[in-house]
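Look at the two complexes coming up: subunit A is in both, with subunit B in one and subunit C in the other.
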Partner chain A sequence: MPSTRRIIARRPTREFLPGILFVLPAVILFIAFVGYPLVSSLYYSLFSWAGYGVPEFIGFDNFVNLTQDPNFQSAVVVTVVYTVATTILQTIVPMLVAILFMQKWRAGALLRTMIFIPSVISLTITGLLWQLVLQPDGGLLEVLLNRVGLGGLSRPWLADSTSVVPVLIIVSLWQSLGFFLVIYYAGLQGIDPELYEAARVDGASGFRLMRYITIPSLRSVTTLVISLNLINGLKVFDLIYAMTAGGPGTASQSLGVYLYKLAFGSENGASAAFGYADAIGVVMMIAAAILFLVVSALRRGRRA
Partner chain B sequence: MSAASQNLARRSVRGRLAGHTPGGRVAGYAFLIALALVSVGPLVWMVLTSLKPASAVFNGPLVPQHPQLNAYAYVIGNLGIGSYFLNSVIVTSITVIGVIVASSLAGYAFAFLPIPGKRVVFGVLMSALLIPAALFLIPAFIELRTLGLLNTQLGLALVHTGAGVPFAIFLMRSFFENIPTELRDAARMDGAREVTIFLRVALPLSLPGVATVAIFQVLFTWNDLMLSNGLIQDRSIQTLQPALYTLVGEHASNWPALTAALTIAAAPVIIFFVAVQRLFVAGLLAGSVKG
Partner chain C sequence: MKISSTSSRAAGTRKKVLRRAVVAAIAMASAVLLAACSSTGGSSGTRTISVWTWYGNQGMPNNTPLAAEFEKSHPDVKVNIRTFGSTTDYAPALAAAVAAGKTPDIFGPSFSAISYGQKGVALDVKKALGSDFLSQFFQADNDQFSSGGKQYGIGWNAQSFGLFYDPAVLAKIGIQPPQTWDDLIADAPKIRAAGYIPLTVPSSPSYGLADFVGPLITQASNDPTLLLKIDSQEDGKSWKDPAVVAALDKFQQLVKGGVFDSGLLAVTYSSAEQLLTTGKTAFLWDGSWVPADLKASSPNFKYDVAPNPAWKAGAKHWTGDQAGASLSVSATSADMKDTLDFIKFIYQKDRYSSTLNAAQAMPATEAAAADVADPHVKTMTSWLVDGLGAPHILYGAGSESGLSDVCVAIVEGKTTPVDAAASIQAAVDKAKSK
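Presenting the complex of A and B:
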C-alpha cells in the first residue's frame, strides 16, 4: 500500500505519542533496575572497591588479577563442565522421554504430572532437600542402598570433590526433566501426521521414523531447549549455593557462586570486593554475548 | 489442531518404538513408573520425615509409625516461617502486578503502535533475557541503598519487576499479535482512543496471555534466591527462600523441622502449578515455541 508508506514517511511526533506512553512504564522500570545497574557494573569493574568509601580507579587490574586467580580458573571449569553436561543431558533425555510418552500409556497424564512436579519447586528447596537425601547417615539414598544390600556404595557424595559436580548435574536433571518434557511433548503434538503416513508408505518404520521425521520436526523446540539450558548453565547459582555453597573447598564453585561470595562476603568473613566481583560479572556478560551469537546461529540454521 | 488429527499423530508415533511388543510395553511401563517414582520420591520422603519425632529420624522406618505435626508447630511458632511466607507473598504480589501492567501496555505497543526505533528498543529488551542476575545484583544493591530502598520489600519487588519485564513483553506481544486486525480497525472507526481499544478490546482477548505472564512471574519471583538474599539482609523482612537457606544452616540436625519448613514452602507452588498445568503448557506453546 503506497499510501501507508507516505503516511509513515511524514508521520508527526504526535502519532508516536500513544506508543511512547505505552512502553514508558516498562522501559523506565527496565532502565532503572536492570539497564543502569548493568552499565554501572561495567564501570565498577575498573575500580578497587569494597562497596563503601571512595572507589579507587585501577584500570584493567581486576581483569589481570582474574587471569592469575586459581579460584576464578576453577570456577570457569566448574561452570563450563556444568553447562555442557546439563545442556546435553537436559536436551536429550526429556526428548526421548517425550517421544516415549507419545505412545498410549494408561495413566500417562498422571505419570507426566508426577515427573513435572520437581520443576516447579525452587532450586533452593531442591538443593536443600537433596543435601538431606544424600547425607551419608540417615539420608534417603543411603537408606535405600542399605535396603537393597548395596550399602557399600554409600559415601559422602557432596563432601567428595570428585563426585560433587556430577551429583549436582544429576540433581539438575531431576529438577528440570519435567519442564523440558512438557515443552517437547507440546512440540510433538504439532507434528503433521501426514509426514508419518507418507514415510510409512515409503516403507520407513521404527527408529527410522524417529530419526528422519520426529527429531527433525522437533528442531525449533530443540533449539529453544538448548538455548534455555546454555543460559541457565552459565548463570547457575541457586542450586549450587543451596546444596554445597561451592564446596568442598572450591570443587563445585561456579562463576555465579564465586561472584556472590566475593560481593557479599563469604562465611569465613572475607571483606566484600565489589569491583573484583563485577569484573567476573563482565566476563560472564561477554560469555553470555558469545552464547547469544551461538544461539542466533542455531536459530538461523533452523530457518535455512 | 483438531482432536482427530492429534489422535492420528499419536497413533503414528505409537507402536514404532518400545511399545510394539508385549515385552516392550512392560519395559516401557517399568521405565516410566520408575521415572515418576524417582521424581516424587524425595518429595514424599520430605513430607514423611516432617511427620516424624526428632528421635526417629535416623533409625526409624521410612514411613512414620505415629505421624505427628510437632515439627510444623515448631517452625511456625518458634522459627516464624509464617512471616517469611507472608514477605514472599508481598514481594511476589507487587512484582506480578507491576509486571502485568508494564508488560501488557508495552506488549500492545510493540504489537500495534508506531514507536521510534521500535526494533532497536525491542532488541535491547530481548537481549536482557540472556543476562544473568548476578551481573546487575551489585550495582542494584548500591542503587537501592542510594534510594533508601535497600532492605525493603518494595525495593526487591522493583528489581524483580525490571528483570521480569522483558520476557513478559515477549509473551504479551505474541498474544496480542493473534488478535485480528479487523477488531482493532472497527473500534478505531467508532472513534475509540488507543487506551480504550487496549482496555476494552485487546486486553480482554488476551487474558490467557496475562495468565501466562502471571504464572511465570510467580514462579520466578517466589523461587528466586540470589536477588532476594542479596537485596534484603534484614532477617525480619526476608523472603522464604533465603530464610530456608539460613534455617538449614542453623538447625542442621533437626530434620523434622527442616523438612516441615521445606514442605510449607514447596506445597503452595506444587498445588498451584498442578492446578494450572494446562494453562502453563498453552502459554509455553503460544509464547516460546511459536516465537
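Presenting the complex of A and C:
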C-alpha cells in the first residue's frame, strides 16, 4: 500500500512534466517581456525619473498630477472616443459585410481579397498613405471631389480639430475591415445550415434569420472582435502618430501618443518624464484590465 | 499481460525520449545563453567604438566612409556605426541603452545633451576636447549644449531657416521676396488672387510652428539671448515676456492676414516641399535641409532662398539657428581615447567639409562654412556667419509643446496673444512637476 500511495503521489509530477516543459519557454518569454516590464512600470510610476540617473521616489504624485494635467485629460477623451467608435464600427460593419459575402457573389472572393489587403499593410504605412490622400492642397480626395463637382465638400481634414478624430476612425475601419471580416466569415461558415432550413420551414426569412440565428451564433466571435477592438483602441499609437503625431495641437493625441512623447519625445523638454509616462501606462493597463473583465463577465453572464 | 508489458515498454521509451528532450533543451538554452553572454568585441586585440545617430541623410549613413577611413589609420579599432531610420526608432533604442548602462560611445543626444551631462551620461567635451577644438563651432551651437561652464555635446549639422521660392512663380505674380513680415501680409491678397498660397510652414507635427515663432521672439526683442533665458526660466524671464506676446501677435497678424492656407495645420515637412515644387505656394518657410531633400525628390526644380523676413524695415533678419543634429560622448566610454580621436578625426576640416558637402548638409563649424558647395546651403550658412542666428530649439520642460499648442490655438482663432503667452507659462509650470 505504501508503494501505491507513492505512485499516486508521484503521478501528477510525471504527468505534468511534459506539459510544464512545453509551456516553460512561453512562460519565460512572458515573464521577460510582459511580466517584468509590467512590474517595472508599476515600480517606476512611483518615481520621478528621466530614464537615467537616480530615480526620486515621489509616491503617488504622478497619478495625482495626471488628474490635473489637461493634456492627459484630452488624451483620455480622444482615446475613449476612438476606442468606442472603432469598437462599434469595427464590430458591426465587418459582421454585415461578412453576411453579405455569404450570399455567394460571383466576384466575392476577389472582393474579399481586396478588402483584406489593407490589413496586411502596416499601420504606419497606412497612416502615411492616407496622409497623402487627405492632403489639403492636391490630395487625392480633394482631386476626386473636384472632379465629381463636390469640391465644396473638400476641407483640410487632418488640420481641423473637429474632423481629425472622425477621419482617423474611418481610416482605422478601412485598415481593419478585412481582418475582422475574415474572422466573421469563418464564424459564419461554422453555423449549421440546418438551423436556417428549420427556421425557414417555420416561416422565418431575411432579417429574422439574421436576428435569431446568425447574430446569436456569432456571439463568441463577436466577443473576440469586441475584445480585440477595445484593446487596439486603448493602445492606439502608430496610426495616429504617422498621420497627425497627435495634432493639430493635441486634438488627436491619444494616451499612447502622449506617453510616447513624454518618454521619448520632446514633450517634457530636455529631460524625459519616464516615471510620469509609466503612470500613464499603468492607467492604460488598469483600464484595459477593467474592460477585459467587463467583456468576460458579460460573456459569462450570457452563457449562464 | 501483453498489454501491460507493451504499456510498460512504451512508458520507458517515452521516459527516455523525455529525458533526451530535457537534456537537449537545456543544452540549447545553455548555448543560447553562452552566445548571449559572450563578447562581441571581435578578434582579440581589436577595440570597438560605437556611434549611434539617425543622421543617415546628414552625412552619417551606416556605410559612411568615415568609419573605414578611421579604421585604416587605427588598425586596432573597429568603428561600429549604427544609423537609425528616424528619431521614432532611435529615441526608444537610445533610452533603453542608456537605462541599461550601455550608452554608445558617441551618440546623437537629441534634446537631452545637457540633461545627460548633468546625470553623468554625457561627457563634458569642453574638458575632454579643449576650448580650441570647440572654438571652431558656431557659438549658438556650443551654447545650446552648455550649462554651468561645461559642454555636453557638439553640433554635427547647423541649421537656419529662410523663404524658399520659385523665381518664375514670383515673376508671374509680380512680387519680390518680402523684406518684412508686414510686406508679406501686404502681398498676400495679390498672391492669393494669382492662385497661390502666400506662405507654407510645415506644421504637422506642430513643433514646426514653434520653430517658426521662436525666432520671432528674437526679432521682437532684438536680443538673441532672450529666448534661451525664457526657455530656461533664468534671470526672472518667463513666457509672459512682452516680446513673446509681440511675437505671438505678429503670428496672429499673419494668420488673420491670410498668409497661410486653411490647411496649414496638416502640412507635413514633405507635403510642404511638394507645395513648393508643384507650384502651389509662393513661399516655403523651412530649414537648411530642404536643398538636400529637393535634390533627391525634384532634381530639376529651380528655386532660390531668401532670408527670414525682418520685424521691420532695416531690422536684422534673425533666423532660427542651432544644431539640429549633434553628437555627445558617453562619459563611461570604455575606450575614451579612441572615441575622442574619432571625434577629432571626423571634424578635421577637409574631411568634415567633404562629408557634409556630399550630404548637402550645413556645417556646424565656421571653418567649414567657407567650403560649402551647394549654393543654397552656402547662402543659408552665410546668415549664421553674419551673426543672424537666433535660438529656436526649446529645451525647457513644457516649453516646446506649450508654444506649439498655443500656435495651433491662434491658427484656430481660439486664443489671444496675451492669453497664449500665459498658457505657455502655465504649461511650463505644470511640466516641472512631471
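The criterion applied here is as follows: the second predicted complex is superposed on the first by the 274 of 304 C-alpha atoms of A that agree within 3 Å, B and C clash if a C-alpha of one lies under 4 Å from a C-alpha of the other, contacts with A are read in each partner's own complex, and residues count from 1 in each chain.
Here, contacts are C-beta pairs under 8 Å (C-beta built on N, C-alpha and C of every residue); 3 or more make two chains touch, one makes a residue touch a chain.
The structure displayed is predicted, hence computed values, not measured ones.
Following the overlay on subunit A, a clash is recorded for the pair subunit B and subunit C. Once the two complexes are overlaid on the shared chain, A:Ile92 sits clear of subunit B and of subunit C alike.
Judged by the touch definition given at the top, the superposed model places A:Ile117 against subunit B, while subunit C stays out of reach. With both structures placed on the common chain, the touch criterion links A:Ile286 to neither subunit B nor subunit C.
Between subunit B and subunit C, the partner in contact with more residues of subunit A is B.
By the touch criterion defined above, A:Leu188 lies against subunit B but remains apart from subunit C after alignment on the C-alpha atoms of chain A.
Of the two partner chains placed around the shared chain by superposition, subunit B is the only one that A:Gly206 touches, whereas subunit C remains out of contact.
In the superposed pair of complexes, A:Tyr276 makes contact with subunit C only, with no contact to subunit B.
Of the two partner chains placed by the overlay, subunit B and subunit C both lie in contact with A:Gly51.
In the superposition on chain A, contact is made by A:Tyr241 with both subunit B and subunit C. Judged by the touch definition given at the top, the superposed model places A:Pro156 against subunit C, while subunit B stays out of reach. Taking chain A as the common frame, subunit B overlaps subunit C at a single listed stretch, which among 130-138, 184-192 or 202-210 is 184-192.
The residues of subunit A shared by its contacts with subunit B and with subunit C are 18, 51, 131-132, 137-138, 241, 263-264, 274.
Only residues 18, 21-22, 25, 88, 91-92, 95, 98-99, 110-116, 119-121, 197, 203-207, 261-268, 271, 274-275, 278, 280-281, 394-401, 404-405, 408-409, 411-412, 430-431, 433-434 of subunit C touch subunit A when the two sit together in their complex. Those residues of subunit A that touch subunit C in the complex are listed here as 17-18, 21, 48, 50-53, 61-62, 65, 68-69, 71, 131-132, 134-138, 155-161, 241, 244-251, 261-276.
Chain contact summary for the complex, subunit A toward subunit B: residues 8, 11, 15-16, 18-20, 22-23, 25-27, 29-30, 32-38, 40-41, 44, 51, 97, 99-105, 108, 110-111, 113-118, 120-125, 128-133, 137-138, 140, 143, 174, 177-178, 182-183, 186-193, 196-197, 200, 205-207, 209-210, 214, 220-221, 224, 231, 234-235, 237-238, 241-242, 255-256, 259-260, 263-264, 274, 277-278, 281-282, 284-285, 288-289, 291-292, 295.
If you check the complex, the residues on subunit B that touch subunit A are 1, 5-6, 8-20, 28-29, 31-33, 35-43, 45-46, 49, 57-59, 62, 98, 101-103, 105-106, 108-110, 113-116, 118, 121, 124-125, 127-143, 158-159, 161-163, 165-166, 169, 194-195, 198, 219, 222-226, 229-230, 241, 244-245, 248, 255, 258-259, 262, 265-266, 269-270, 272-274, 277, 280-281, 284-285, 288-289.
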